[in-house]
Every structure is written in C-alpha cells, then in structure tokens.
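Per-chain residue numbering starts at 1, and chain names A, B and C are given in the order in which the chains are listed.
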Amino acid sequence: MADLTKKHEPFVRVAKRTQVSTKKSVLLQISAFVLAIIAGGLFILLLGENPLEAYKHIIEGAFVGSVRNPLSSVQATVVRFIPLLIASLALVPAFKMKFWNIGAEGQIIMGGVFSTYFALFHSDWPHAILLIVMILAGAVGGAFWALIPTIFKIKFNTNETLFTLMLNYIALYIVRYLEAGPWQRTKGYASIGSIDDNARLPEVFGVHIGWIIALVLMVLMFFYISKTKQGYEISVVGESQPTARYAGMSVGKIVLRTMIISGAIAGLAGALQVAGIDHTLSGGIAGGVGFTAIVVAWLGKLNPFYIAGISFLFSILAKGSSTMQTQLGLSASVADVVQGIILFCVIAFEFFINYKLIFKKKEG
Amino acid sequence: MANFINFFYAAILSGTPLLFGTTGEILCEKAGGLNLGVEGMMWIGAFAGFYTAWKTESVFLAFLVAFASAALGALLYAFLTITLKTNQNVTGLTLTTFGIGISTVLGFAMTENAGGNPQISSEFMSKLAPIEIPFLSSIPYIGKMFLNYNPFVYIAIVIAIVIALIFKFSKTGLAIRAIGENPSAADAAGINVTLHKYLCTIIGGGICGIGGAYMSIITLNGTWQSGGGVVGGYGWIAVALVIFASWSSAKAIIGSFIFGAFTCLQYYIGQFSFLPAFIREMPVSIYQMLPFLLTTIVLIISSVNSKKISSEPHSLGLNYFREDR
Amino acid sequence: MSDTQYAIELRGITKIFGEIIANDKVDLTVNNGEILALLGENGSGKTTLMNILSGIYHPDAGTIKINGKEVVINSPKDSFALKIGMIHQHFKLVEVMTAFENILLGTNNKLNRKKAAEEIKTLCDKFSLKIDLKKRVCNMSVSEKQTVEIVKVLYRGANILILDEPTAVLTPQETQNLFEILRAMKKDGKAVIIITHKLNEVLEISDRVMILRKGKSIDSIETAKANAKILTEAMVGQAIDLEIERPETEKEPHALDVRHLSVKGADGRMALKDVTFDISSGEILGVAGVAGSGQKELCETIAGLHKVEKGAILFKKENIVGKTPSEIIKAGISMSFIPEDRLGMGLVASMDITHNMLLKSYKNSKGIFLDRKEAKKLAEDLVEKLSIKTPNVSTPVRLLSGGNVQKVLIGREIESNPQLLITAYPERGLDINSSYTIYNLINKQKQNGSSVLFIGEDLDVLLELCDRILVLCHGEVMGVVNAREVTKEDLGFMMAGQKISDGGENNG
C-alpha cells in the first residue's frame, strides 16, 4: 500500500473565497500596476537602457510640448486618446454580453472607408452636413462590419472571436485595394491622397472635436449600461442566455442590437480618425487601436469611467514611447510590451481577489 | 505544368509554418486551453530563432532557442490560465500583443546594432537547402513535388503525424483527450490534470515557435525585416486551421498546405494561362485577402455542420478548479 | 491508538468554504465488510466529507487513517492508491468516450486492451454487473453509466467504496439490483459508504447509520436498532411531521390540455413522443420518470422555450404552440415556470435579489430606463415573507444557500398568482424544513385554483403531494394514475417502460 504520510501535504494549496473588501481589491490593483511598471523597467534595463530615463522620456514625450506650442505634446496624446477611448467604449456592451468582439480594428477601418467615400465624392456638400453624413456613414460602416459575424453567430453559433479577427484583415486588404485601385489619386502610387478641407473636422483647444464626442459617449455608455432596460438585457444575456430566453427576452434581437451599437461606435472612431487626424484613408488608420481597446476594456472592468482613465494612461505610454524611440533609439513598441505586462500583472493579481492561498501548517 | 509544379512547391513551403502553428495549437486545445497567443508565440520564436541563427550559425541551436523562447511565452500563458485561472481569451490576446511587441523591440535593437537589416550567413542558409535524395529527387515532377524540400518541411509533417498517433493510440493521448473533454472526470480518474495541461500548452507553444523561426529564417531568406510583418497573421490563420482540421493534426497537414497554396497564389496566378484574364489580373490585395477570406468561409461551414458529434473538446476555453462546487 | 483497525477512521475533519463551515470536526469510522449509510439533509456536509476522502477537497483540519495508518490525501490519485473509490452523484465520465476507455483512464497499467478487457469481464461476472464496453457513455442510460462508474472503481482495486446518492436516478427495480451488488461487495470484505437521504433505503441496506447535521457528526446508530422516526429526528434535530398535506379543492377539468405533443431534444432525437394529458385547475399533476425521460423538454415546451414538432398545447382552449414566453404573457395567460437549473435558467447568479425580481417585470415600466423601485420593494417583501436568509437585497444570489436561492425563485414566480405553475424538482438540494415550506407554497397555489405540473424525483413525495401522476419513459407517456391508489412498485414498472391500459381519465 502506498505510504502517504504527513510529509506528503503540499506546501501551499488554493481555496476559493467569497468576497474581498473593496479597499483590499483596490490595493491589489495598484500594486499590480506598480509591479508592471517595475517589470517593464527591468525589460528596458535588459536592453541596456536606463529605465528611469526611459520612463522620464515617455512622460516628457507625452506632456512637454515644443517651445512654439507648449501644448503640442498634450494635444498629440489626446489625439491618441480619442480613438482608443471610443473603441474601448465600443467593446463595453459586446463584452458585457460576453460576445468576444475582437474586431474593433476592422470596424474602425470600415468606418473610415464608409466616411471617406463621402469625403471623396461629395466634398462639395455644405460643411456641417458633409461632416454629419461622414460621421453617420462611419457608424454605419462599423455596424455593417460587426453585423456580419453577429448574424452567423446567431444563426449557426459561428465562433465570433475568430470571425471578427479575420474581418480585421479583410478590412485591411479592402483599404489596400481601394488605395491601389478605384480610389487611387496618382497612378503608380498606392494612396488616395488628402481629403478636401471641407471634409475635415473643426478643432477645439487645438484638438479636433472628436474629444468632445468621446467624452459624451463615455457618459452615455455609462447610463446605457447601468440604467436602461437595454443595458439590463445585455447583462442578463451575458450571464445566461437560457435565463434571458426564460424571461421572455428575444436573445437574437438583443445580440444583434448590441453588436450594431458596438460596431457603430467603433466605426465612428474610424470616421473621426479620417476627418480629424489622418485626412486620408490608409491601411494604418486603426494602427492596432482595436486590439489595445480589448486590453483597455478588460482592465477598466467595462466601466466607462475607468476605461477613460486607462485609455489616457495608455495614450501617454504610446505617445511617450514614440518620442522615446527618436531620442533613445528604443522601438516605440516598448509601449505594447509595457501594456502587455500591465495586463498580465492585473489579471494575475485578480487571482488573489477570487482565491486565497493556504500554506502548510507547521508540524505540531 | 512547370508553373503548376512551382506553385505546388511554393504552397508546401508556405504551408509549413502554418502546420507548425496549427499542430502546436491542437496540442494545447486538446487539453482544453484555447490559446489565442499563437501569433505572439510565433513572433517570439521568429525573433529568438533568427537572432540565434545570426549569432551562432547553428541550425540546431537556432530552432532549439526558438522552441524554448516560445515555450516560455506559453509557460506564462499556462501559469496565468491554469494556476491563476485567468480568462483565456484575454490572456491569449495579450500574449499576442506582448509577443509581437517584445519581438519588434528586440528586432529593432538588433537592427540598430547591426547598422542595417541583419543577414544570416549564406553558409548557415546552405544547411537549410533542399535535401537532395540521390535519384529520387530527380524523378521528373514527383521528385520536385514531394522529395526535394528543406528538412523542416519533413520535420513539421513528422511532428504532426506523431502527435496524431499519440492521441490515437497512447495512454497519454487518452488522458489528454479526457482532460479536454471533462477535466473533473479526468481528475477523478487519477490523472494529473495540471501537469498535462502545462505540458501540452508549453510543448504546443514551442512548436508554434519553430513555425515562427521557420518564417524569419527560411521564408524571409535570412534577412530580418525590421518594421515589416514577419509572421503577419499566420498565427491567426493557424488558430482557425485548428477548426478546419477538426482538432486532428493529421488533417492539419492537408489543411496547412491548402492554406499555404492560397497565401502564395498571388505570385503564380498570373502564369496560369488557362485561367481567364480577369482572374489573372486581379489586384494583389485581393489575393492577399484570400487566406483570411477562406478561413472565414471555413469557420462558417464548420459551424453550420456542427450538428453532428463535434470534435471540439468540450471544456475548451474553460478553466478548471478542483474545488469548484 | 486503539486496537480495532478501522478501514476508515476520520477524526475532527473540518472543511470551510468561504464563510460556510461544511464539515465541523466530523468523526467517522467504517469497518471492513460493513455498509455504512451516511445520512443527513441536503447541505449537511455528506458529499463534502466524502470528497475529502476521494481527494477532491483538502480538509482544513483533522486526521484521516486508512487501515490504521495516518495518511494525507491530496488528489484522487492518492485516494486510488489507498484503494478508495468514489462514485459521484454527478458521474465523472467522459461522455464522448466508450465505457472501456473510461475504465482504463488514468490507470497506470500498460495499454494492453485485450488483457484489460478480460480482467474487466472477470470483475463483472464476480459482482454480476452488465456492461457493454464498446458503447459510448453519451449513448447510455443513467443506470448503465452508474455501472461504468462502479466497474471503473472496482477495476482500480478499490476496497473502500463510496456511493453518493446512487439511487436518486434509478427506478425502484434498478435500486434493488444495485443493492444486490453492494451486498456482494460486503461479502467480499469491502467497506461501503452510501450517502443518501432516503430513510427506507438506509434501513434496508445498511449495517450502521452515521448522521450528519449542519456539518457536525451527530450520532452513529446500528441500523437494527433504528427506525424512520429516530433517524429523522436525529437528522433534523427536532420532531417533525412527515406527512405532506393534500388539500381537497374545487376542480375545473381541462384547464391545460396537451394533445399529441412531440418535440426533439438537443441531440436531435425525439425527446417527447405523442404526449397527451390534461390538468384541471386546482390540481397538482405529478410527473415521474427516470432522469432524462423528457421532463425537461416537457416543462420548457409548455413554457414556450422549446420548438414543437407536432401537437397542441391548449390553455383554456387557446393553443399556445409556437408562442414565445412574452407572447404567452401578452395573450393574457399567467404562467410561471420554476426550472430545474435555478441559477442557469431561472435566476441570474451574479445579480442581486432586486435585479432578479426585475427579470419578469422590467418591461412593465414606461420609458427606456430601468425602474428598480417596485422590484426592490418586492424583494424586501419576499425576504420577509419567506424568511430568506440574506445580508440584504443587494447580495448576489450566487452567495445564498440553495434553499434561499429556491425561495427567491419560487417567491418571484408565485407572486403573480399564476393560472399555471410548472415546477421541476423544486425541493432538490433543500433541507427537509425548506422542502416542506415549498410544498406548502405549492399547495397554496393549488387551493387558489392554479393548475400545477410538478416534476418530481422522490416517489414518496409524488405519491403524497400530487392528485394524479403521469409517468414518462423515453419521452412516452406510460400512463396517468391516481396518486391516492397507485403503489410505488407500479410506478417503478411504468418508469422502466411498462404501459398500463388505464388511460387515467380525469376523475376530479
């Protein structure tokens, strides 16, 4: 017979816990962030750079402007903040519903495509009308792109994670096709050129008005999710579809509606990018924002206000890193690495919110 | 005919990294882990393998380091999802962001140091030249189509077959399948669920890493493309191919080569004179889109067909905690 | 150390889940060649205690001795090494694999299929177990699955067998069969622990009874000296009246008429075949049958959640086939459904009581915003009226105990005084007192003139509570019988597939 004596007891084992105080959970989150910053610093150290200096460059790069325009860096940070916040907000209702829409990237691109159409071919429309149409067209484009996988999800339960992901690539190649084909400006040169001045967004405080739209959306999304019937329906569907059906909710309709909203908001980000910043349509319009948004939405626990905070933090990282690249000769992708580490740390620390460790007792 | 043989040859070559990625992910998914970090792990393998090849000129070391580095990435995923029970979707996606990020940063630093795009020596590259089998390789058509590849094409196929055999015949394979289907049943049967899950995830990740190294070293012909897409979405195609192959690494061999054909179609389609002109002259972007479009179609078809007994592991994507009630 | 060497000796076993103490300093002993019944109400910690023995849970305190040796069990593997085998209530089988693969799973032997098959056959012959090794588990009946579990445990050479509620899913005849097997094992010198809450079975099969109450070990009685009354009092901790009331009511026949109903299950096979029955108002119609005989589909179909292939469901002469739950409500039919899987279907586990009240009523308020006021009031009322134990109405329901979860669900469902009440295993997982509260609530609905469809698993309860009983087998109606007249044996035969000629016409 096997000899299973006291020595055999594991050094540490895991048990579930029911609830943890808010204070402790906030403390855990903060320590996760600190740990992530330290881990990121170690990585920079391994690359042979001084991490403190690298972080200093990042902060300065995000906030300290040029002599001529002291606000230029802050404005550039905000410019990155706008699409990231909007795209992350777009994911809130989808993720709340446990619909793994990782296609924000493609939805942003399609929003850009739809709105560019009006910028290119109806640039003679009155300024205000043209801009409104472009923004609406962007929303329609994003919604359309989100609708395709949703319909298949509802009909055949097709895996939405992979479907939305593939649509990101397909959207990208659609833009490439337009650049080199029908919307080409100069023959032999794959670009559609700049859009007419008439199709560009006005600025407030040196940044296009998208930031106002983003902040309004943040507040609206908060109310939509937590105060409306539709928000309630989304939560129920996300928790349990049988329960939703049991309560007389039409699950398919709710999923469809929610994904239209999700896609439309992402598409809006694309339209703002075209009309506000890029003033053209290119393959780089989304530039990975759709992917970063997933991390942001998750870190922000689907709360629009937290999400805004994290979007801003990530925008500082991204803007600062690009400045750092030119100054230190360190790739701007350091931002991606640090973001990854932050998420790893935060979700790892969540373990301590849900579980506790029990250490082996001393022999007694 | 010569055009077709060239096309076939190219399809096998481009399908090989996909096969590595798909086989690695199948191993992981069979044990219930849906690792969306394949793209990231392939990137890690791509950089680590390339760097080692560039520095040491040893083929063995290059691919070993690629395997080990990607396995390390997979270990991170395994630790987070298996031990700390984090959400698999989010963890995998982050592994992708992280993997691409870290490889880009390191690749950038490598390029800065080299003062230009680093290039692996031609001596190293010659070790990866197609294996000439005396007489056999020179058989017309068949020699070129089947018996004239670099060693890693064969290695990919062998790994895929070995894994298929393990699942079909061995006790370990049975145990892994049981874990993917119903971890609590496997646990109650006395199988070490955690150990098997870790091993599958780590080894699977390592195999993905070899696929990445294959791309940076062989596909890109020994030059690091700084700023360019080294893996360029192949990892994601591999994730989808797992579904296409219905979780069988034997079927993945065929699947990978079909997808390989689509990825290189753009270079050959123009030469197929039997095709109508409008097809041959379609813009390149359309052909670049095809693998992704095909993946989507495959996804749809396999979901429409899923009414029959599904080969998808039942607990795929779910974490297991023994004391859950 | 004492001279007697027990097969199992547990001393001071304690296990805590969050704030719930599942086992509180429990002592337990079993001898070789003894059948011990572990008796206790739901939530008294029986399964937890046995899961500690089988390596699923790790105790927070206490010692385990097997054959006199102190051991630590960290995993099911350790448990097997000690020759302990547990047959869990929810079978731990891999559905897509064959019986053979399931039995071999995790064993250390070389994969010698031929030899293994022979060994299994010898085992089966010894204990007269019948098993088809090539059959996939997903194609098996519940009792076949149980046999696979038993063989699995025996094949690993277990000398100590633990069975968790093994009879819950069996017909009376299958239960007898199982008991024969257990007796054979006892003769073979094995120690057997059987967990159950059915008193008559305890008295029939066991040598000794060990009683758990609220996680504590209360008493150990020799079965020969026990009777139902002694056991119940020890189990509940107070004298209790075991009679379930069956009030007489005014009945109006054919309130609900189900005609030739056929539906397909999730696996594409027919789950209900040509089912015809009716319920009067003020009547409880019980449904008996082995688990998976079509009960779930029957409930969900009537509630408008399942597609109908053929047939009609008439409520007060109106056909509701093809109507969604919200359309049924719009048609002015007030129907309530208490599903089997409370947290998976009836309630949202992560939401609090107030938000779970909203599930049925959130559409009633005007405008786009959610009105929480009335729901909150209702939640507070129910907490008081049904004495639901919860810190407050904003506690997520997943943190409540099973009985309180069920009270939340039933409370919400009967709040609207439904004309038709469908309940599936409403007492499952509840202690005796809570169960009686539930029966009383259902009886009150009956007295109010509701038609009640009551899906049950305990035949004694069905016989006492219901007016008539419909028996399902493989989705077919075996007959509808008068609950006052029928015997348990007859029900058993019908559950196993024997039809009776009497159509059970409504005689109320």
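Simple rule for what comes next: contacts are C-beta pairs under 8 Å (C-beta built on N, C-alpha and C of every residue); 3 or more make two chains touch, one makes a residue touch a chain.
All values derive from a computational prediction rather than experimental measurement.
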Practice task
With chains as vertices and touches as edges, which is it: line, ring, star, complete or other?
Solution key: complete
Handout entry: Selected interface, A-C versus B-C, where C-beta contact pairs are more numerous
Key = A-C
Completion exercise
Rounded to the nearest Å, the gap separating the Cα centres of chain A and chain B is 27
Completion exercise
Separation of the C-alpha centres, chain B versus chain C, in whole Å, is 46
Handout entry: chain A and chain C, separation of their C-alpha mean positions in angstrom
Key = 45
Completion exercise
Check: chain A positions touching at least 2 other chains come out as 15-16
Practice task
Could you list the positions in chain B whose residues touch two or more of the other chains?
Solution key: 323
Exercise for the section: Provide the list of chain C residues touching at least two other chains, using ranges where the numbers run on. Expected result: 17, 58
Problem - Contact set on chain C toward chain A in their complex - result: 17-19, 58, 60, 67, 69-74, 78, 81-83, 303, 305, 324-326, 329, 337, 339, 341, 344-351, 355, 358-360, 362-363, 365, 368-370, 399
Practice task
Spell out the part of chain A that touches chain B in their complex, as residue ranges.
Solution key: 14-16, 43, 47, 100, 102, 152, 156-159, 161-163, 165-167, 169-170, 173-174, 176-177, 180-181, 291-292, 294-295, 298, 329-331, 333-337, 339-341, 343-344, 347-348, 350-351, 354-355
Completion exercise
chain B residues touching chain A in their complex are 36, 76, 80, 84-87, 89-91, 93-95, 97-98, 100-102, 104-109, 112, 233, 236, 239-240, 243, 283-286, 288-289, 292-293, 295-296, 299-300, 303-304, 306, 321, 323-324
Exercise for the section: Provide the residue numbers of chain C that touch chain B in the complex, in ascending order. Expected result: 17, 54, 56-58, 75-77, 79-80, 86, 88, 91-97, 101-102, 104-107, 110-111, 152, 156, 268
Completion exercise
Per the touch rule, the chain A residues reaching chain C in their complex are 1-6, 8-10, 13, 15-19, 227-232, 235-236, 239-240, 242-243, 245-250, 358
